[in-house]
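Same chain, two partners: subunit A is paired with subunit B first, then with subunit C.
On to the complex of A and B.
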């Protein structure tokens, strides 16, 4: 009742917002009603030309399935997609690194996004794909992990946490969610990372990179990764890989953050602007070349 | 315009199955791809069900893993309830039924299956696709490999093959794929099921 009153007050705005966000523009003049059961605002086609309008409505897609949600070529809701995230396991710990740029089309929406989410003291997740989806569902995962701890009196494993998220994603198939998460942590089985996707894909491997800059990061990682790296070398490798990805990918940049998770928990080991790294690497390269030439 | 369910194409998984004298030998590649990248190169795509059935899956990882888990657990449940396992034939038709029921539901399973097992009726290999069709075959192939290796299989397969002959046949098919298929793959896993159960062949 109360919600309906509010809805009536804002009905004009919601009408425009609704039309705008769902691509239902101009061609059908319809009213909105609140569906009491689902709490979703739906349009009512007028009684004249009802069949045609219903058919048009269905064709225009009042649904969130990817093929009818919005035209992929001209999306009305633009998701922030560009990113580079990576994670890899060593013998006794995990290294995770991310950039911090959120781009919407050709606009940099933010250069200071926190893409590493701490799910608990021993597990982190990264954000890639739709920022809102990642933030929301990783928060849901955080509560589920805490509930697991309270119910079972033991810390949840990374495998179980990633399976929780993967099952949620699988059940929301066709709703247009966009997520590419690397879940990294240290549990009773040791260090591990999982890749979880909005399709419901869940993969376990020793090395993952996700995002628009991931191909560039893979180039650096594949050439220098070894499972017995010392921590400072591993952190340098992660940093270097993100730096190279941010250098070549327009949609990645900002500050580079590196997190290490070992038996004592997750800790942030390095945070710095990629442009400063760029200066440092260029200087080192120049020095190396000048040393070479002088010998 | 069919909606894109995931970035992983269905057909580039490579799976072979061969019925021999008293065994079924299966091999599949171990690559998981995401658009143009290999995300993982050591994935076992042949699932063991009930200790005497091998199920090789082809398709997007999410669907395949969820479907395999579902089937594996339901077969175990049957075993607990009835104190005996389903025969290979019954198991195959159960799986086919699940695929066929799902095809007209809200979310069909996009999984192609090659199922092999040995029971008191001898070795059997079943080819199933995601629409729920099923065929009992002697040589089974899934994916693009079908185009390139069915002829090889037809030429070389014969009744009552020994294990060495079966391994040689599949190896020849893999060599053909490596030569002619555009998409490269590194490793393959070989698994065999015979009257003693299921095992992995480490160095076939």
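On to the complex of A and C.
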């Protein structure tokens, strides 16, 4: 740790001399950095080779990333992963919905996690994967978005914000971060959503669902989604999709939260326990069945 | 206090060939003085008007080599901005970038300020036209019309008198004003002037020699008519 701090303070040439004399030459490969004065790309220790370095160090008995950190079958420390989050765009607004369960293996760690993060008044991000990673990096993204606003005197677009996050994720490839974020917002180009994950993937589409409950949510969304839905129908669709995912997926549950973002900003439109919805839908199903029987 | 290196750089700019920029109605025009080249020199290797991106053009006055570095860095930054933010640069952003770069070189060891003053013109993605001027100290300002280089003061005074919304209401009027301003200090003749025209959502156009000659002869005629009017009537 201290050694690294010293390395960061000296110039490039001194760094390499230092490494030579300490006999570390062989284990460090080169990444590229843009020198702000000359505009020239200079080599510095690489992140792309971190995976190789991790494996090498593992052979020596040292490891950091979850895959090498502990046996995946017998984990000593379990990470919270199970979730269902979804988002879709309509003509003039975006709907985002999440459950609120954090599960560690077969233990429910919490049923009241806030999985929708407000990046700014017009953009939200969802949390899926490693809760700590998501919370931390979305917080970093919030600061970067605010800086963009201050420097350029204009609101950041959802495309730019998601690109910032995706680039950060890409530069940390191989470090074992775990994120599956849906970035949703309303900007000068209208409503849009992007999917960003810890590999550095960034995708644009009108409909996304992320998490262990996403297959169930997709079933509901794909059958009933239309781009011209009214707000109350869209919110009901989002609620229904999350409910069905929480019903069938053990790692999803708790309170369902739905957020709508339009030209006036992001607002929370519904928050309720999935068990209440369960009773409502069961009653509706019972009624449907009895109607069928009587006709 | 004086930052002498910066002042010397500004002197270098004052020795360079003149460049004029005029913002009109839906158009921005840059005109530069074309120094006469020796007989054996290839004329087209001296390019003072540079395209930074499809919608941004730059002209400069001062040390050509220094300006070349700025142009290269700005071109890279235009593309980098497109990559990270998925939007073309605004004029203000790229001007701020060039100005910040110039400022960095006024405040670091072993480096000297750039001896070039840039005129940056074009249209933002939202179709508003802009004309910015940067200076070796790293300051940037927005203008309706300005000039840098040799005799810039004379040209600017001319523009202050002649510029109005009417005098730049059409593209042709705007071009004529820019050329006329430049001809105040440059030897008269179409071969001494190079004109670049930027219109919204269109690529940059360098005015061809025939159109330029027509404009120059029109200006000559107008000058004669004005001189006639001024003559005392008997």
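One rule holds for everything that comes next: the second predicted complex is superposed on the first by the 231 of 295 C-alpha atoms of A that agree within 3 Å, B and C clash if a C-alpha of one lies under 4 Å from a C-alpha of the other, contacts with A are read in each partner's own complex, and residues count from 1 in each chain.
One rule holds in what follows: contacts are C-beta pairs under 8 Å (C-beta built on N, C-alpha and C of every residue); 3 or more make two chains touch, one makes a residue touch a chain.
In this text the structure is predicted, and so the values were computed from the model without any measurement.
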**OP:** For A:199, select first, second, both or neither according to whether it touches subunit B, subunit C, the two together, or no partner.
**Re:** first
Original post:
Who does A:172 touch here: subunit B (first), subunit C (second), both, or neither?
Top reply: neither
Original post:
More subunit A residues touched by subunit B or by subunit C?
Top reply: B
Subject >> Overlap of subunit C and subunit B interfaces on subunit A (superposed complexes) >> reply: none
**OP:** Quick one: which bits of subunit C touch subunit A in the complex? Just the residue numbers, please.
**Re:** 72-73, 76, 83-87, 90, 93, 104-105, 108, 111
Subject >> subunit A residues within the subunit B interface of the complex >> reply: 65-67, 166, 169-170, 173-174, 195, 197, 199-205, 208, 214-215, 218
Subject >> Sites on subunit B touched by subunit A in the complex >> reply: 1, 3-8, 32, 37, 39-40, 42-43, 60-63, 65-66, 106-107
Original post:
Quick one: in the complex, what on subunit A touches subunit C?
Top reply: 36-37, 39, 152, 157, 159-160, 163-164, 167
